[in-house]
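Provided herewith is a single structure, encoded as structure tokens, for subsequent inquiry.
Naming follows writing order (A, B and C), and every chain is counted from residue 1.
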Amino acid sequence: MKTKRKVGINGYAGYVPRYRITPKEIGEVWGKDGEMMAKGLNVESKSVPSPDEDVISISIQAAKWATERAGLTGDDIGAIYVGSESHPYAVKPTATIVAASIGATPYLTAADYEFACKAGTAAIQTGMGLVASGMLENTMAIGADTSQGAPGDALEYSAAAGGAAFIIGKDDLIAEIHHTCSFTTDTPDFWRREGQKYPSHGGRFTGQPAYFKHITGCTECIFEETDTGPDDYDYAVFHQPNGKFPLKVAKKLGFSKEQVLPGLLVTRIGNTYSGSAPLGLAATLDHADPGDRILVTSYGSGAGSDSFDIVVTDRIEEIRHKVPTIEEVIEDHVFISYSRYAKFREKIDIGAW
Amino acid sequence: MNIPRLWREIRQRYQGIGVECEPCGRVYFPPREVCPHCRRGSIGNLNEYELGGKGKVVTYTQVHEPMEDYKMMVPYIMVIVEMDEDVRMTGQLVDVEYEDVEPGMEVEVTIRRLGEESPSGIIYYGYKFRPTR
Amino acid sequence: MRDVAIIGIGETKIGELWNQSLRELGIHAGLGAIRDAGVTGEEIEKMYIGNMSAGRLINQEHIAPMIADYAGLDDVPAVRIESGGASGGMALAQGYMAVASGIHDVVVVGGAEKMTDVGDEEAKKILSSTADWEWESTFGATFDSLYAMMARYHMRKHGTTKEQLGMVSVKNHSNGALNPNAQFQRAFPLKVVLGAPPVAEPLGMFDCAPLSDGAAACVLVSEDIAESYNGEPVRILGLGMGGDHMAVHDRRDIDAMKATRHAARNAYDMAGLEPKDIDFAEVHDNYTISEIMAIEDLGFFSKGDGGPATERGDTSLNSKISINTSGGLKAKGQPVGAVGINQAVEAVIQLREDAGDRQVEDPLYGLTHNVGGTGASAVVHILERWS
């Protein structure tokens, strides 16, 4: 999908809750060797939202900072799409609350997206369409999650919280998005039925036929459509369900570790689901120099991938430090016990209020 | 049923929209219809003003006996903050340990969940404070 | 304007009165006062009843006619007065004004609250609604926490210590031990007080008054007929009210209560007295810090000296000034909307020299101080011995 007009990112920011828990701490509760688990997943710790944080509060923080960084106000934003699989409401949009928080209401269009972990990048594509078509000047795309793994499940060691917001526009770009493409199939690797608190998954089926096939398929598609290869990019960001998969898929596609590491946050904050690739991109933008080219490929179970070919502009230097960088956000963290984590994540039943 | 009551204050809770008194320049949050200093002279002369969201702790406490909505936060810290605009607000202070709190500490607004009607009810969001980054 | 006397008093025991409803509490206090005064039902022209929140606590509004009805006084016009924790004091003020103005000759004022028909948390929530619900409570501020923040501020500014706060509690419990109507009739050593679990730091459990059931009533008459009844009269010599911003954060000096200061100044002016003339005072010690601020704001001690004065024992029974001889809200209990009337009842008992072991020696003037919410309203009365 090549855009007819110039479109890109003019503001971005990410937010990750302050609390962390280690696989070791989780493993102790379930009689598992957490350190081994940490090594196996390449996840040292995962972020935990405090009881007053959810996808809405995370999205609001990211949206406020992205708007500030772009030097825009809410009035400038014509659309907000929030991608998540843990929207606090089943019915009632996250996007309207985010819109009100940045003063973007009432003259905008807004909706919530869900496509497992790639809902955020789907939101970016929608925003690109609206801007490239000339319908809107600026749109906001957010990917955020506070996903949970069932207690004791393998997912519990990595399911984390965080999100990032991007303002997609045509002026004052800090990065141009030259191209995007998607790769979508019906692959039931991971799901959560309506009314269920925790997701279910197909175990090892989530690997080869799901994550690897889609990321590889989508990335090869963008290589072909843009006539590029791994060497043409300075950085690559892949969806990060754990610390192993993105490095493995990168290697398979011909990328080096160095291209991936600046955006590889999962080792410290865990899998932020819809926030994963967006936060990886935000961290990479924090790191990149003007002219750098970034490949992004997200992955959402169910299943699909979105790839983006992004080139950083000179303006990045001007706005980078107007709000906290991802590194600055992640730096401020506190490790908590499993009992505190259980309280934070409402795994303790305190009965009816 | 507090829905309309909290809904009508969304701009205050999410964005910190107060008013500035044109005659004396004082800022009020939440908005007032009458400036307590200028009184009659202020009526019709209070203009919308968006707080910058930064301030300093005036006084604080750690709450151990909460109201219902804050049960999961216990123990939690409450503060009165003097904003840069010289107006004060009451709110929860998060993302900090109690031992590290002191008067004069610089804080900034963060939007968090304030509570919910019930597990099936509306969720309320609004400002809290955290140490300034 | 003419002088007004209290000629009869009545009150229930204060506490967790599981067997009694609000209307029963109100009736018992009211009938007690009427009996003490020796007035007949036909003579009563009006009733004012202080109550904070019957609507939320027992789902009953319009409680004044209900209480009058069940007291057998269904044709007496009865009005509820609400000013948070100052409801009782404000009801007394209304009664005073009705008689002083000449509109009525015989008025009953009462206060009643039933706190325990809802759970503890609900009761706390309802009490917290006397602060600014929209801009304090919904942001997590419990009533305790607002007073705790005043305490912290006072401690920092004046060097008031946690021990001094605790000594307020120790003193009031030791007074309460001498009051048969008190909720807690037991003294506690400072060590126990300081060791209590925290509620909202620096305030612990012993810094906070309980939430209680109870009722109290007084019969007011014009001075010219005061001696024609059985009850030994006590004169209401001064009355003052004060107001302040609803939310604590809108006040500049939160180590003091402006409403108390204004109320006190008005009451002293009206009575032609000064703080040093007062022999004893019932002050609104819903928290220990409240008493420390009150004894400063009422002019008994200079600002900042409330803590040290308490430590010196200057507020103990029959010392420099006897504060909260009844045990105060802390030990006598806190039936919120009745508190102001309970205070008046204690003042009358003291001025009649009927207080037994807790009697202030030869008292001439007593003061009552009643606060609404976190200090957005306050009322002060000064009472004088009849002869």
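Operating definition for what follows: a contact is a pair of C-beta atoms (placed from the backbone, for glycine too) under 8 Å apart; a residue touches a chain by one contact, two chains touch by 3 or more.
The model shown is predicted, which means the values in this text are computed figures rather than measured ones.
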| message | Graph shape for the chains shown, where an edge means the two chains touch. Line, ring, star, complete, or other? | response | line
| Result of counting contacting C-beta pairs for A-B and B-C, higher pair | B-C
| message | I'd like to verify one number: the distance from the centre of subunit A to the centre of subunit C, where each centre is the average of its C-alpha atoms, in whole angstrom. | response | 58
| remark: Taking each chain's centre as the mean of its CA atoms, subunit A sits from subunit B at a distance in Å of 30
| message | Multi-chain contacts only, two chains or more: what residues does subunit B have there? | response | 68, 73, 92, 114, 128
| Which residues of subunit B touch subunit C in the complex? | 5-6, 9, 30, 36, 58-70, 73, 76, 78-81, 88-92, 98, 103, 114-115, 124, 126-128
| Where on subunit C is subunit B touching in the complex? | 121, 124-125, 128, 134-142, 144-146, 148-153, 156, 197-203, 245, 247-250, 254
| said: So in the complex, the part of subunit B that touches subunit A is made up of which residues? | reply: 10-11, 14-15, 68, 71-73, 92, 94-95, 97, 110-114, 118-119, 123, 125, 128, 133
| Touching subunit B in the complex: which residues of subunit A? | 18, 50-54, 56-57, 60-61, 64, 88-89, 97, 100-103, 324, 328, 332, 334, 343-344, 346, 350, 353
